[in-house]
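Below, each structure is written out as structure tokens.
Below, chain A partners chain B and then partners chain C, in two separate complexes.
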Partner chain A sequence: MIRLVVRSLAQAVVTLLGGAVITFVMLSASPGDPAERILTARGQESITWLQIEALRSELGLDRPLPVQLLNYLGGLATGDLGASWSTGRPVVDELATRLPATLRLTVASLALAVGFSLILGLVAAAGAGRFPDHVSRTLSMFFLVVPSFLLGIVILDVVVVGFGVGVVISDGSWSTVLFPALTLALASAASWSRVLRASLLGARSAPFLTVSRARGTTNVRRLLVHELPNALPPFVTIIGLEIAFLLGGAPIVESIYSWPGVGRFTVQAVGTRDMPVIVGFVMISITLFVIASLAVDLFNAVIDPRLRRR
Partner chain B sequence: MTNLLTSSPRLDAVTAVATGGRLWRRLLRHGGGRVGVALAFILALAALIGPWLTTDPDVPDYTNKLQPPSGGHLLGTDLAGRDLLARTFAGARMSLGAALLVMAIVTIVGLVVGVVAGSAGGVIDTVLTRVMDVLLGIPGLVLTLAIVGVLGPSFFNLVFAMAVTGWAGLAKVARAHTRGAGQRPDVIAARMAGAGPIRIAFGHVLPGVVSLLVVAATLRLGDTVVALAGLSFLGLGAQPPTAEWGRMLSDARETLSVAPFQIIGPGVALMLTVLASTLIADALRDLDEPENRR
Partner chain C sequence: MRRLQTFKLLAATAIVGLLVAACSSDGAGSPRPADAGDGTNTTTEAALPTEVALPTLTIATSFAIGDLVPLDNSFWGPEFGYVELLMRPERDGIPSPWVLQDLTSVDDTTWELTLRDNVMFENGKRFDAQALVDLIIFCNDNNVSLAAALQLDSVEITGESTVTLTTTAPVPGLPNVFADESQIPVFDVSAYQAHVDSGADASALLDAGIYTGPYVMTSLDETKAELAPIADYWDGTPALSALTIKFVPETTSRVQAVQAGEADIALYMPTFIATTLKGRADAFYVTGEPTGTTFGVQLRNAGPYADVHVRRALFAAIDYRALAEGVLDGQAAIASSVFGPSFPFAIDTQVTDLDLANELLDRAGWVPGGGGIRTKDGEQLKLRLLSYPQQPDSGTIAIALQSQFDAIGVSVAVTEVPDLTEARRGDDWDAAIVGASLLSFSLSPEDGLRSALVTGGSQNFMGVSNADLDELVATLSTTFGQDERNALLVQIQQVIHDNGLWAATIMRQPAVVSSAAWRGYKIPLANMWVDARTAPSS
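Showing the complex of A and B:
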């Protein structure tokens, strides 16, 4: 158990460090002089060569690259991502004001996706090969093949604009979260329900379930008490791994619904080539992925004794 | 967007199927697989000969703007009066062509890196595997977005970014297969006959991995098309007046409430692409596990 935790933690540190190096390379490779862009962003009319040089040495841009990398890693460790190239304000502040809206969206869509996938998966497995299974699988297939941006514009322009349900411009609060969260959740729900169905059917073939059936337990009891717990590890694993991908889908959905979160902010930053902001978003995604993977490893070790022995 | 294919049992399925031979005939005998192959064939046809059957997709005709579907314009026209059927066909060429290009690049890179890591072992293997793990730890779309941020928004840069981010999963497959091949009878025989590690890697291991990776990459074609379209939808890929499915959808947004028919062409095309890809992937998995067959 301890070895498993140590190995997961080491993996997490390597991934974070690797991500930090990749983003550093991106920052260094991007065109334009950061000092000049930050000064322009702060609204200075005439920028003298002296001011640029002063800021360059303040930011450490005149130092050799390895020193810059160490400074950058030190900054990341203390939560300093530098200044935005288009507003001149600290990137951490810019992201922090928008992160709650994105977290609300992510939590809401996670809840919807888990709920829908449980329902779809359980219904499909309960009536495997029969009518409920066909309905559930057709629904899953449909939501799997509709890209989120297509679903988003259909919901926004037909349901919201056409029928006047909900609001066109979201303010990022819980009251407007339903449609964006639904748009983000349905594809994940579809893919997770397929995993759940497959592992429920796999769990069903265990010999003790034949014994259980011979002893007269009901189908529902076997499904919920015996099959579901045994089918959980693959289901939990895919949910954990894809939490970070929900965040990855945020740029598209947030842009469609004008959701004031970090995803939409990042898309705007790509338009203005505001690298520190983009790098901040990448680091947030990696951190979330690492935390989710750790949680999945630990959760599976706790619920599945077979994993603990390895 | 889902990363299923790099982390799921589907890849193990692919291993068995790709090495099992006569893949094509077995795929056509599977119900869902047959539908998937038929859809893929239709889409390929639309991309290849569609643009020859229709008018120029980029020439505006402002006297004919936002016409609903009719005999003259089967899918209607957009805000600039351009024929949407012609643009959907041109978009097929653009989207599918770009996705194929991305797949070709990631397959080659994944193949080389995976076989090198798997045959070399030691420090080289450890370093390359760590790089793969880090790349797999960043959501593909996020990293793609960041690279487009460095290079600037254009369709070429988007394709390049997707190629840079997409190879890690395939390299892992190639590496696992290469390592497993060390114990294969023909490889042991080659080693006993005095073949060097490089000759074994390229002469005996590589050919088997190629077919495996081509199948694994093909399965991701649907996801790749959607990712390309999604980023173009955000304005970070194809630029006007290029006919590309994601771009067409975002161009249609402003006038969608008065002319909703505009989403039919690119929307249905995107859905059919993912459907074809998913059906074929599911069929391959079923073929590997006969008890799942229905």
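Showing the complex of A and C:
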């Protein structure tokens, strides 16, 4: 078990370091002058050459690339992600200010995704091969193929602007979270429900359920008390792994709903090539994914003794 | 049994959670402004029976205001009414006094600045001669572009309300420097220094009252700023009871915010929005008077385009009317000159003349070849034209030019590049559509000419090097008399035309999207969206 934890942590560190270097190099290699973009992003109407040179010097962009990279990695090791080139504030502060809104969105979408997937999966399994199963599959396919940005735009145009329900400019509070969370949750719910359905049907073939049926147990009781607990491990595993996916999908949904979170801030940072912010977001995403993977590994090791012995 | 209870509990929790989430956004969280019926939105305070109901204004803009630190972010202030400048930009490019009462050129290097006697900072202190001297010295010491433009020698108090400023060289464009939002925002230097010395966070400036505008910012976060009127503002009572600025980078969200009643005005609207709003009653595309030309065509001084005949032929082949009225659906005015017609020095040099264009190309040795493309020495006349996504209209104009240049036998390949400046630093281009005009924020032509068209200019990516033009611009930068300056600018435009150095394709109309109540909003000059008199009826 200890070896498993150590190995997973070592992999996590290498992944984080690799992610930081790759992101930094890719952004540095892309065309454009960050100093000029920053001045434009700050809304400067007339930008002079002197302003550009002064800003390049201030940001250290006039130094060789390896020096910039080393400075960045050194800061990273001490928890310093640098300062946003657009706002001049520390990236950690910028992300921390917006993180609560993103976490609120992630938690809400996670709750909705779990709820919907449970409903769709249970309904599909209960009526396997019959009408409820077909309805569940159709809904799942629909939510899987419709991109979240399209769904978000339709909700905004029809429901918010058309019917006056909800808000266009979200303030990041719980009271405005439903539509963004719903948009983010549906695709995940669809795929999770299919996993749950398959697991439930797999669990149904267990011999003890034949005995249970013979003893006259109701279908609902068998589904909820016997099949669902046995079908949960793969369902929980995919949820754990896809929490990072929910965060990764946040930039699109946050931008559509003007949700003041980390994802939307990162989209703006991409537009201005605000390298410290972009790398900061990537680091958060990688960290979250690594933590989720670690948690899933440990969870599986707890529920499956065979894994502990490896 | 315990398992069953657990799952029942889980199921109940999920259902309750969903219901709570659904109920929580049934519109209760939508802060739709109350409509007073006459089209004006009113605040609770303003609705008190004993008071006259003043309107409120909510603006959705794409740029966020970071803080109130002068020189870093204060350039937003003049646009939203919480910071003022010494001089005010005017449509003819000659600024008028704003916070200053008068600005007079005593001789080539001496200026006399006269103060008003009633301008106060929000903190109650008077903006007096000492405050003005402190302000100019502070900005000159901390703003490199100002120091370069101002060339300050000395600044001193010479009367109760008079300050004399001397420069090391003639700076006839000093009024424009004072009217530029990125140069000298009027603020209380001593109060700001006290704030810096205290080591407090920038957010503490919200309570420092260092500016002089009709509105004072009361709160600021990453999503919005809220401002309140200054009751004893020096230039009359502000017309709004409250001003909110929401930061919404996404264009469509800003428009939808107006449609949903969450904003009154949405700023920075691309032309295509006009089409999407046609026939709608919940938001309106409101246009203003163009101030200057935009979307200039730059030709790189290399290959076939080093030939003045070819450059002039291309500019003569542009159908300026079709671009404004057809391609941009009437959302732009015809660009008949390098500058706009509101400037006294503007002369009409941009005329569509296909016969002349063909004649010039013939004279340059480019003759019609196979497929209608002109050739010379076996080489086809091809043009690599750049557009960029940050200005969607540049792509539309580029496609139109492709068709128009095809009519005179020039084969155009349009390329959209992510960074136009970077692309123009290289040599893989022949022409580019550039959103910026030759005018500065305060509508001065001097800076644009110097940077884009003078030999070695910082934005002279075309490689223009014209001795006549260099000399004329140099003379302009030391000439004070307005008539003499106008005469020089006329000559400059003629040189630009005769040598095919620059052409403006359109005069884009500034535009916002407004609610019905603010449909009469007059779009101000130089993005000065809000002043003391801004109101729905204005």
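As a working rule, the second predicted complex is superposed on the first by the 233 of 310 C-alpha atoms of A that agree within 3 Å, B and C clash if a C-alpha of one lies under 4 Å from a C-alpha of the other, contacts with A are read in each partner's own complex, and residues count from 1 in each chain.
In the analysis below, a residue touches a chain if its C-beta (ideal position, glycine included) is under 8 Å from a C-beta of that chain, and two chains touch if they have at least 3 such contacts.
Here the structure is a predicted model, which means the values were calculated and not measured.
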Now for A:Val154: first (chain B), second (chain C), both, or neither, which partner does it touch? first
Who does A:Val145 touch here: chain B (first), chain C (second), both, or neither? first
Just chain B (first), just chain C (second), both, or neither: which does A:Ala181 touch? second
With both complexes superposed on chain A, which partner does A:Ser255 reach: first (chain B), second (chain C), both or neither? both
Give one of first, second, both or neither to describe whether A:Ser136 is in contact with chain B, with chain C, with both, or with none. neither
For A:Ser117, select first, second, both or neither according to whether it touches chain B, chain C, the two together, or no partner. neither
So in the superposed three-chain picture, is A:Ser193 touching just chain B, just chain C, both, or none of them (first/second/both/neither)? neither
Looking at A:Val282, would you say it contacts chain B, chain C, both, or neither? Reply first, second, both or neither. first
Would you sort A:Ser109 into first (chain B), second (chain C), both or neither based on which partner it touches? neither
Contact residues common to both interfaces of chain A (with chain B and with chain C): 30, 153, 157, 161, 255
Complex contacts: residues of chain C adjacent to chain A: 3-4, 7, 11, 14-15, 17-18, 21-22, 24-32, 60, 63-64, 66, 72-73, 75-76, 144-145, 148, 180-182, 222-223, 246, 248-250, 252-253, 256-257, 259-263, 282, 417-419, 421-423, 440-441, 447, 451, 458-459, 526-527
Report the residues of chain B in contact with chain A in the complex, numbered from low to high. 1-4, 7-8, 130-131, 133-134, 137-143, 145-150, 152-153, 226, 229-230, 233-236, 246, 249, 253, 256-257, 260, 263, 267, 270-271, 274-275, 278, 294
Which of the residues in chain A end up touching chain C in this complex? 30-33, 36-37, 41-46, 48-51, 54, 87-89, 97-98, 108, 111-112, 114-115, 118, 153, 156-157, 160-161, 164-169, 171-179, 181, 221, 224-225, 228-229, 255-258, 260, 264-265, 268
Residue numbers on chain A that touch chain B, as the complex places them: 11, 14-15, 18-19, 22-23, 26, 29-30, 129, 141, 144-150, 153-154, 157-158, 161-162, 187-188, 191, 195, 238, 241-242, 244-245, 247-249, 251-252, 255, 266-267, 269-271, 273-275, 278-279, 281-282, 285-286, 289-290, 293
